[in-house]
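Think of it as A, B, C and D in the order they're written, each chain with its own count starting at 1.
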Amino acid sequence: MIKKILVANRGEIAVRIMRTCREMGIHSVAVFSEADRRSMHVRYADEAYFIGPSPSNESYLVIEKIISAAKKAKADAIHPGYGFLSENAEFSDRCKKEGIIFIGPSAESIASMGDKITARRTIIKAGVPVVPGTTDPITNDKEAVKIIKSIGLPVMIKASAGGGGKGMRLVKNETEIVPSIRAAKSEAMAAFGNDAVYIEKYIESPHHIEFQILADKHGNVIHLFERECSVQRRHQKVIEETPSPLMTPEIRKEMGDHAVAVARAAKYDGAGTIEFIVDDRLNYFFLEMNTRLQVEHPITERVVGIDLVREQINIANGLKLTYEQEGLSQNGHAIECRIYAEDPDNNFMPSPGRIQHITEPLGFGVRHDGYVYEGFEIPIYYDPLISKLIVWGKTRPEAIARMKRALHSYKITGVKTSIKFLEKIMNAPDFVEGNYNTHFIEKNKSFLEDKETCQGDCKAMAIIAAFIDYHNRIAQTQQKVAQVKSGSEWKSKNRKKNLLRM
Amino acid sequence: MIKKILVANRGEIAVRIMRTCREMGIHSVAVFSEADRRSMHVRYADEAYFIGPSPSNESYLVIEKIISAAKKAKADAIHPGYGFLSENAEFSDRCKKEGIIFIGPSAESIASMGDKITARRTIIKAGVPVVPGTTDPITNDKEAVKIIKSIGLPVMIKASAGGGGKGMRLVKNETEIVPSIRAAKSEAMAAFGNDAVYIEKYIESPHHIEFQILADKHGNVIHLFERECSVQRRHQKVIEETPSPLMTPEIRKEMGDHAVAVARAAKYDGAGTIEFIVDDRLNYFFLEMNTRLQVEHPITERVVGIDLVREQINIANGLKLTYEQEGLSQNGHAIECRIYAEDPDNNFMPSPGRIQHITEPLGFGVRHDGYVYEGFEIPIYYDPLISKLIVWGKTRPEAIARMKRALHSYKITGVKTSIKFLEKIMNAPDFVEGNYNTHFIEKNKSFLEDKETCQGDCKAMAIIAAFIDYHNRIAQTQQKVAQVKSGSEWKSKNRKKNLLRM
Amino acid sequence: MALEINIDGQSVSVELLGKNGDKHQVSIDGKVYLVDLVMVEKGVYSMLYKNKSYNVELAVGKTPKSYTISTLYNSYDVDILDAEAKYLRNRKHDHLGDNMAISSPMPGKVVKILVKKGDKVKAGDTVIIVSAMKMESEYKVKSDRTIKNVLVKEGDTIDGNQPLIMIE
Amino acid sequence: MALEINIDGQSVSVELLGKNGDKHQVSIDGKVYLVDLVMVEKGVYSMLYKNKSYNVELAVGKTPKSYTISTLYNSYDVDILDAEAKYLRNRKHDHLGDNMAISSPMPGKVVKILVKKGDKVKAGDTVIIVSAMKMESEYKVKSDRTIKNVLVKEGDTIDGNQPLIMIE
């Protein structure tokens, strides 16, 4: 059984994993770069090892350094979190060779699902619907034009090794086909070192719905229902919820069965996510599989009541799943908002900096997974995710009301955050009615950018607070100067006010 | 419908109530005494009214002042929280006369359940078992000796108007009867201004188990299952959990039905709690009814999934309950720990003072209901409750592991707290096995008082931290003095370090 | 004490008329406010005005005399204009015609510099690329200009609002 | 700099041997520790020693030279004994024989004073009752004594450890 886990990650996810380690009586080991000495994951862990300079390609992404730290710490296992090395087949393989348990799938599963073209082939064989398109990389422009005509415009050109919207091009007109393929290839090469691209039918009103699966090493696979992830900005998820307002029990069952089939086809074990694209008429197509924990996994934990990190560790220990599909159900409704250090008033420009003050929302039905604290400087080198706010309600309207309440009392000063933008989304009629797809933010742009104005005297209060604060600071400084100059600070008999005597 | 609620309370419960108000779109009004200007409930509320000096009998307990604030604020309703005026029949009545909705039961219900002797009579009529004893106040010593002999020793002498262990005497021997009655009477008179006492059979291995009920104004009554509250110190609850490890489904149903019968007998509406005393063989007896929200209500909220404050407000609005008994179930296991400002190493002496630093536990399955913040000075005038930590787990062992994890990462400096004591309880074999009654703390005294010692170099680290901190403080002060004396602080060209120039 | 305060570009005159404990009597452009104000946490004020409860959070800005102030829904940029600030502002205005600095509003790392001292650039040309939190931002000139000086080099870690490239 | 430090009644000698960034080389009674130490929040230190992660929280105590220090499970009372502290301690010892003060370890309110100046009290007699947080505590004398002075009156709000009644 695993007794010590090295968490090869940072930020909120590293802390989140260590919490479960502690609940299981497992020792946790942190690794940290120069920029992260003060990070919460270093403080929360039982042990911590320095792994190099701040840029992630000199620290968190260097397999050698992670392995070396794991050996020094005598860790039995490594949990990769998400991002960084979590979907790196070479790393999974290397752990195996070193006799360290990799808490995630085998190199073969990662490789087969990591390459989108290979994944498509596997999935088609398993009888799961995929978006019409090619399974081979495009090698020839003329052939590509022919294929695209047979699929029918619009189509997407996508990088085989891609993700995060890079190496992706939407083609609406015939004349755009060849330039788009070239642009996608060059972007894919720059981003992933691999210029393979393929073609997919473009779904006009797409919903992004994913299924959480768990598979043990004994051939048992279950799904933990769906997550609706259609609220996206620049192909990045902003808000997720479960159940999906779009879903029906029949389609849920069908998609769940297909998700399980995908995991079986990939000979997968561990926790994974099957992403589907769904149109308004509930036609669904396999999009890709994420062979790791997702950022948005807490909403599933909340409605299903299962700690996914605990399950990952149990599976890595070779234990059988203790849940059966029939015994699982969704209880209530959960929503997650991702809080980013970014400026919604300024084109979502990243906003690193020092946290001056933070008030975290608490109370019934609120979970807050973060890692920053007062005085912490958010590094410029990594993802701008500050925290995730997860709420639960018996019903979807109750969950929305609770999220509004939580966002309202969530205050961070020192860096700009997306909190107000998220509040606007909670108030947008399309969201409230559950009537949205991945075009939601674009469609509601003017509503979301409209600034709430203060009813009352906010502006006057702001002026008065600034004035009094400045006034008091000056008075204090003057007093201190006077004291020091007259030497009175050193003669004072008042012990209480004189905090430090030498 | 209620649009504005005055919360006639302070501390965590005031904030907790205001959170639900916000979720329901209801404006919240705080009242505060001199000591509470900086309290979180004043900051969280939409409006705040000053009601007088710090001692509660000059502010929070003065009906006139609360009513006057409610009128000024034009509040539709008053929520009394727990403690203070929450079980004051006169206050309920006064609200009614002023046309303000009292979020709680009628004066009649409070009065009939508030006096323990009257309550016993009502309950016996409703066919609910009560502890063998008298229903009339004791007036005659000889008569009392006779009654006690017929019930059989040991017995408890209890104050009719009592609570919190005052005016209570355990009698084990015949010779103690008369002195005990006299002592109980005199204590009752001093504490409650009423010397009526009665006799009850003393249950040797008592469990304290209570049922949450909800009753609307249309005759619908449901119960939301039990809370096990046997972990007590000096008759004060320390830890509560649900479900009770003692309970069987059959007894749960029977007690639940009886709890509903009590509420009906009292013509009750609102949220209330029926307390039972249960012996090891699951014989149970009605103890008393609390006609208000309980401190420990969140564990019920967590496993049943219902916001009890929302239900209270809905009931006060005259709405019908939307739940039926058959549709309710307990999902998983919840535990609450009460965090007090008290010193477990020093006989639980209250420890008011200024919060220097606080790290709140977060993550999956953790709810934290508090009201203090860094720099806040806990007043000496009120209850030492700082916060309530509530965890949920799919199973009881999972909930215990989570509570241990949460307590481990919950840090408060500046005041002494009961956190470490609570951690010890979570590790006590009797608690872990669910094998405990109200004698638990006394029985496990030596285990609970045994100090955990640090494995490793904690002491050396403490010494080094103190040394370096002192060292750096001296260095800083010396630098400042040197700067001021040489005038360099005013000439400095380094704008960054020179925070304030005049 | 009376001070001029600039809030989101608008200038107001503020004066403390009286103080009794936490109660402050303050006039803003002649309008008098009686406010119960206490600093509850560092930089956080609880204010009661006409029994409404306001939480106002102050973050000191780029200079010790500038604040970013957050109220319930709004965020304001506030500058205290005392004699020194006014003097500095005037002096700044004098220079503004000659030089302009390209800067990034956020801290980050210089990824690429596309110009050198003396280069002539055209409106819309990118002069520098800065990266922060996995996102790259390109900074362009708005009109035809000459590069007067390059103050940083590739790989440098920079502060928010630090001048990076001076243009004429 | 070397200092004498008293931890839970035990005295140790501590010296800073060297410092390189966050790495501190400190000796305690001759044993050398190489510790990576940073103050992450006010009064909160993150320390790495032999790759173990320690969080140590300091609260300044009754005097600026005393701390209450919390590590994972333990809480320590620490006093810095510099020249001044030693002098004061010695002086205190000289006086200890003559006078003793009754004080409450917690802040609170004086509910009742049962003695006056000059009263003779017996071992176990209650002299004062203090209330805090709805709980009353009685303070008694441990042996037969004479009341030298009563420093507070009923209704007073008192600090923790403030002398309330002086006894001979």
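Simple rule for what comes next: contacts are C-beta pairs under 8 Å (C-beta built on N, C-alpha and C of every residue); 3 or more make two chains touch, one makes a residue touch a chain.
A quick note: this is a predicted structure, and the numbers were derived from the prediction, not measured.
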{"item": "Chain separated most widely from chain B, comparing mean CA positions", "value": "C"}
{"item": "Which of B-C and B-D has more C-beta pairs touching across its chains", "value": "B-D"}
{"item": "Distance between chain centroids, defined by C-alpha means - chain A, chain D (Å)", "value": "47"}
{"item": "Gap in Å, rounded to a whole number, between the CA centres of chain D and chain B", "value": "31"}
{"item": "Chain A-chain B separation of Cα centroids, rounded to whole Å", "value": "38"}
{"item": "Residues of chain D touching at least two other chains", "value": "41-42, 52, 55"}
{"item": "Per-residue multi-chain contacts in chain A, two or more chains", "value": "44, 373-374, 500, 502"}
{"item": "Footprint of chain C on chain B - complex, ascending", "value": "30, 37-38, 42-49, 72-73, 373-376, 495, 498-502"}
{"item": "Chain A residues touching chain C - in the complex, by the definition given at the top", "value": "341, 343, 346, 349-353, 356-357, 380-384, 411, 413-414, 420, 451-454, 456-472"}
{"item": "In the complex with chain A, residue positions of chain D that touch it", "value": "22, 36, 38, 40-42, 46, 48, 51-53, 55, 60, 63-64, 82, 84"}
{"item": "Residues of chain B that touch chain A when the two form their complex", "value": "15-16, 19-20, 22-25, 44, 298, 301-302, 305-307, 331-332, 359-360, 362-370, 373-374, 394, 398, 401-402, 404-405, 408-409, 473-474, 477-478, 480-481, 484-485, 500, 502"}
{"item": "Partner chain B, residues of chain D touching it in the complex", "value": "1, 3, 5, 7, 12, 14, 16, 24, 26, 28, 31, 33, 35, 37, 39, 41-45, 47, 49, 52, 54-59, 65, 67-74, 76, 78, 80, 105-109, 131-135, 137, 157, 160"}
